[in-house]
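Inspection log for the structure reproduced underneath, given as structure tokens.
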């Protein structure tokens, strides 16, 4: 049952991604990305990665969409630019065909090379919680996250602050 | 004299090295060091050197057999010298000539700008020649032998500093010969397994031996000035100071070359009479003597005429030695000695004439016999010697060579006899034009000013002329020295005294008579001594040939130079092309690529991405191909 | 011993963090004028600490200093998070040196946004130090991103359009590279279940991969990702733009160390820590990419018209040498690569400092508008010549030795053709640098430049100090090499 | 081969291709950032797949959380830069970012 839902989710992720690429409207594009994120969160949840699903949903589907939406609204001009959007459609029109070709090629390659990966049991991390793993085994990453957030803060301070002169 | 010989032989023989090689060399440096103004001091040192050399050469002559050996460069290359029959004989012969020509030079070169340098090179030549004669190691001999190139070049550029063409020609030709000699020595040493000259005996003339023999032969005859290494000598006659001609091409170089040739034929290689190699040597000799004397016949300048004879006479020696018969070798060596005597004498007489009149051009001088009787007498004696008139020395040595030639093959004899005819004819012409007939002088020279040369110049000439007579009349004196050199090969034969074959003597006399008749006919036809052989010169057919020869069409050097010039031009083109590739093409290509890269990059992010994907595709391809 | 060892890690990470906290707690108003000294101090401390680390390693004859725990959450893990070995120590020294030079340059240029610059620079130092310290591929990615984010911000620091353009291009390419690297990591993780260097090395050495395709796929993405980050041809498009557009002190640190830490260091790590064995095609791939970089970088540099852009292309070419050395996988090649890394940090920083000096004194870096500065700016001119000679590999300067080692290693690994190409490309190096020298420093003085004077203060100090390092290291090189090798540190 | 693993793998690849295609073909800066985000989604998918194959989602989960944090910061920085560029250029056309070339 889980598997079926997963497969459906995956299919919709691809469709949403294509939509994201093809939409003429920027806003719709950002929303499609949020849909991809939300579906991905579903997949993560179904795979058992609940914390990751939570982060994906709240941060990616939520925060990032807000960031894009505000960026789009900040950069939208009063002048409508239909020619640009029409051009965009022309430029990305080939995407579905390329995806179909890629998918078929992947199938062929997988079949031809006998590529084979199977889920397997892992005894190493049994009995540990996500909290233990993240905070204890990945101390360097946590430190890195702190620094990244710090860097993000400085970046916002530098990039978004209105110029003193202006 | 006993004291000196004792001095020479005491100890390791180092003394020999000091006195025969280092002494001339040090005195040569001294000559160079003495300031130009004090000509007397220079000349004093110079005379001291040649006199000392003569004395010590007598010492060597009287000394018993000895060898000395000083370890030198390693690899079996030791400074090995040896006193024995041959070196004794050749050193004393050289010393006498060097002394006489040296004495003459001091007087001849007075007030000449280049005297000091000439003395330096003269003594340097002496030192090196002594070294070459005494060396008992091939490499050491080669060292001295090659060193002679330096003094040769130096002397040739003395007078004509701006025009070094003759010097370059001489260096190229002699250098080629020396290079071949080096090759030959290398092969000979390899063949024999040693570098000591007294240890190399009778190698077989086949295979590598044949090549080694030919290469060494080229070195020897190249030094002697035989064809095809001859063509610088007539040019040098025009460019170089006259004592140089008397010393090197006329005497010392002949001695060196013939010395080595004799060593090759007698000692190093086992040359059988009638063998192919013997034939090769004889052909070289015959060709040299014939063509050089043909050219001598038509010359109108004394020095040039004599220089062609210097070449032609070496042909007789090579012919004689090339037969590999005892009579031929003895004849060749005897001829070498005689040639040194009369050719020196002739050059010195020519020098006396040049000093008196300022020219040696027979068209501008003539009838000098009354004004310079002693010079004329010496000249005539030497000329009779070279023409082979009995009882002068040239007659006897030439008869020995004739003997050997007819024993080998009649053709060689015929060529030699024809050569003798032309020699006689050319000297009849020369003597007639220069000393007899109406007086003829260049316009700027007054008749009263033309007088006999000073005693210092006359003395050597007189001594040489006298020696010509003595060696002819009493030919046992030189032959007793020469014949022991052959050792067992001689097999008890004795060539001293009157020639054995009366027939050959009669033929020779007939040839001389023919030459005189020819001269008279020529003289009658033209009325001038100088044009006595013009009927041969301008004979149909010969005229064109002579013209071509005079234009240097047959000069091996000039022919070689044409190829060299083509080669140089090709090299130049290739060099330019390579240069162009480096200087122009590469720079332009680089700039082109660089500029293309710059233009290609339009600053487009999509382009950057696409290029990255191409890189990725390249990696995929690499992995797929190589996994 | 253990305590003194592990406290070194605190210094590497803690000192910059402390500096950031102190700066921001006290605030811009009071700290603005102390920024440069603090930044310099951080750099110097970093360099000194790395020297101490090296000495301790020599003293106790250890391969590496390991550090396992920042905080204890009662679940113990034995694995080390951070580790400093000889390569890391050398690299950390470079980071400290270049950071100090950058701050000196910033002070010399009278950087307007000194406070922001200092903050982000310190983040950058943290990121780069983290890259050098970590023992896990995923942590490596995290610190790569920190380094990247800090670089984007620094390039766009002045918010001028050129800086923004360069920054955005770098950002896009870098994001793609990060994605590639992560994809590669996940493929490796599918095989090993861990991304620690030792676990991956064990898997590769034992050749225990259940599905070798995954490893090939992983390395395909990793090579592409790291190549983009290092700016190897043909993944290099962003690099000249970023270098050229960055503010002068930023391009010093960018050209001197950042891209090398972000990409080349990881390649050196892969080559030194992982025995590739059956996957030796990867060596070949890096070798070819390295050669392509050497030649194309040098070729492209010849026609450029901007001082900093020439240096950028020169960096691409020099990075090619480092990658070529590392790609051989042999001891001599790795030593050559690491030492060329060091030398490149030295001489390229010198050159960027020089370009900063020229920019500061003349207001431009376009070489067509410069000329004859040798007389007016002797320190800059001479240090530039020294750095150029070192780059071109002229003995006895430092660059000669490392280039020699790399070419020897290339000869051993790839034959004379590869070594020959690498050698011939040195001529191209000389070509573009001679052009640069001629246009900027030699010849008659341009009229509008006749009043130009030598840059003073920090710029001159760092130029002189770096030149001294180039010369001294060049002269002492054989000795240093002997010490390092004798201890088995390299 | 397991249908799910294959589906996830193929989906991830398709997402990567979509993202990269969008990256190359679009001219809008914001769209380019969105394209990068799409590629990052694919990476998330690959990471969770890795965990699935290894039998434990714990470590990949930690990875994913870290990646998401970094992703957001990058997106914010990128958006900030894009907005700044908009202020200078008046639009978001990437083709106008060609002052640096050569």
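Quick notes
By written order: A, B, C and D. Residues from 1 in each chain.
Criterion: contacts are C-beta pairs under 8 Å (C-beta built on N, C-alpha and C of every residue); 3 or more make two chains touch, one makes a residue touch a chain.
Just so we're clear, the structure is a prediction, and the values are computed from it rather than from any experiment.
The fewest steps needed to get from subunit A to subunit B, moving only between touching chains, is 2.
Of all chains shown, the one whose average CA position lies nearest the global CA mean is C.
Between subunit B and subunit C, the centres computed from C-alpha atoms are 74 Å apart.
Distance between subunit A and subunit C, defined via averaged C-alpha coordinates, is recorded as 31 Å. Rounded to whole angstrom units, the spacing between the C-alpha centres of subunit C and subunit D is 26. Annotation: 93 Å between the Cα-based centres of subunit B and subunit D.
Shared interface positions of subunit A, defined as residues touching 2 or more other chains, are 115-117, 122, 124, 128, 137-138, 141, 144-145, 148, 151-152, 155, 159.
Within subunit C, contacts with two or more other chains are made by residues 138, 142, 145, 149, 152-153, 156, 159, 168-169, 172, 176, 190, 193, 240-241, 303-304. Listed for subunit D are residues 19-20, 23, 25, 32, 51, 53-54, 56, 59-60, 63, 66, 70, 73, 77, 81-82, 84, 97, 99-102, each touching two or more other chains. By the contact rule set out at the top, the touching chain pairs are A-C, A-D, B-C, B-D, C-D. Remark: subunit D residues 20, 23-25, 32, 94-95, 97-102 touch subunit B in the complex.
For subunit B in complex with subunit D, the residues that touch the partner chain are 598-599, 601-606, 609-610, 613.
Of all residues in subunit D, only 12, 16, 19-20, 23, 29, 32, 36, 39-40, 42-43, 46-47, 49-51, 53-54, 56, 59-60, 63, 66-67, 70, 73-74, 77-78, 81-82, 84-85, 88-89, 97, 99-102 touch subunit C in the complex they form. Subunit C meets subunit B in the complex at residues 168-169, 172-173, 176, 216, 220, 223-224, 227-228, 233-235, 237-238, 240-241, 281, 284-285, 288-289, 296, 299-304, 428, 431.
Subunit C meets subunit A in the complex at residues 13, 17, 20, 69-71, 73, 75, 77, 79, 81-82, 113, 116, 119-120, 123, 126-127, 130, 134, 136, 138-139, 142-143, 145-146, 149-150, 152-153, 156-157, 159, 190, 193, 210-211, 213-214.
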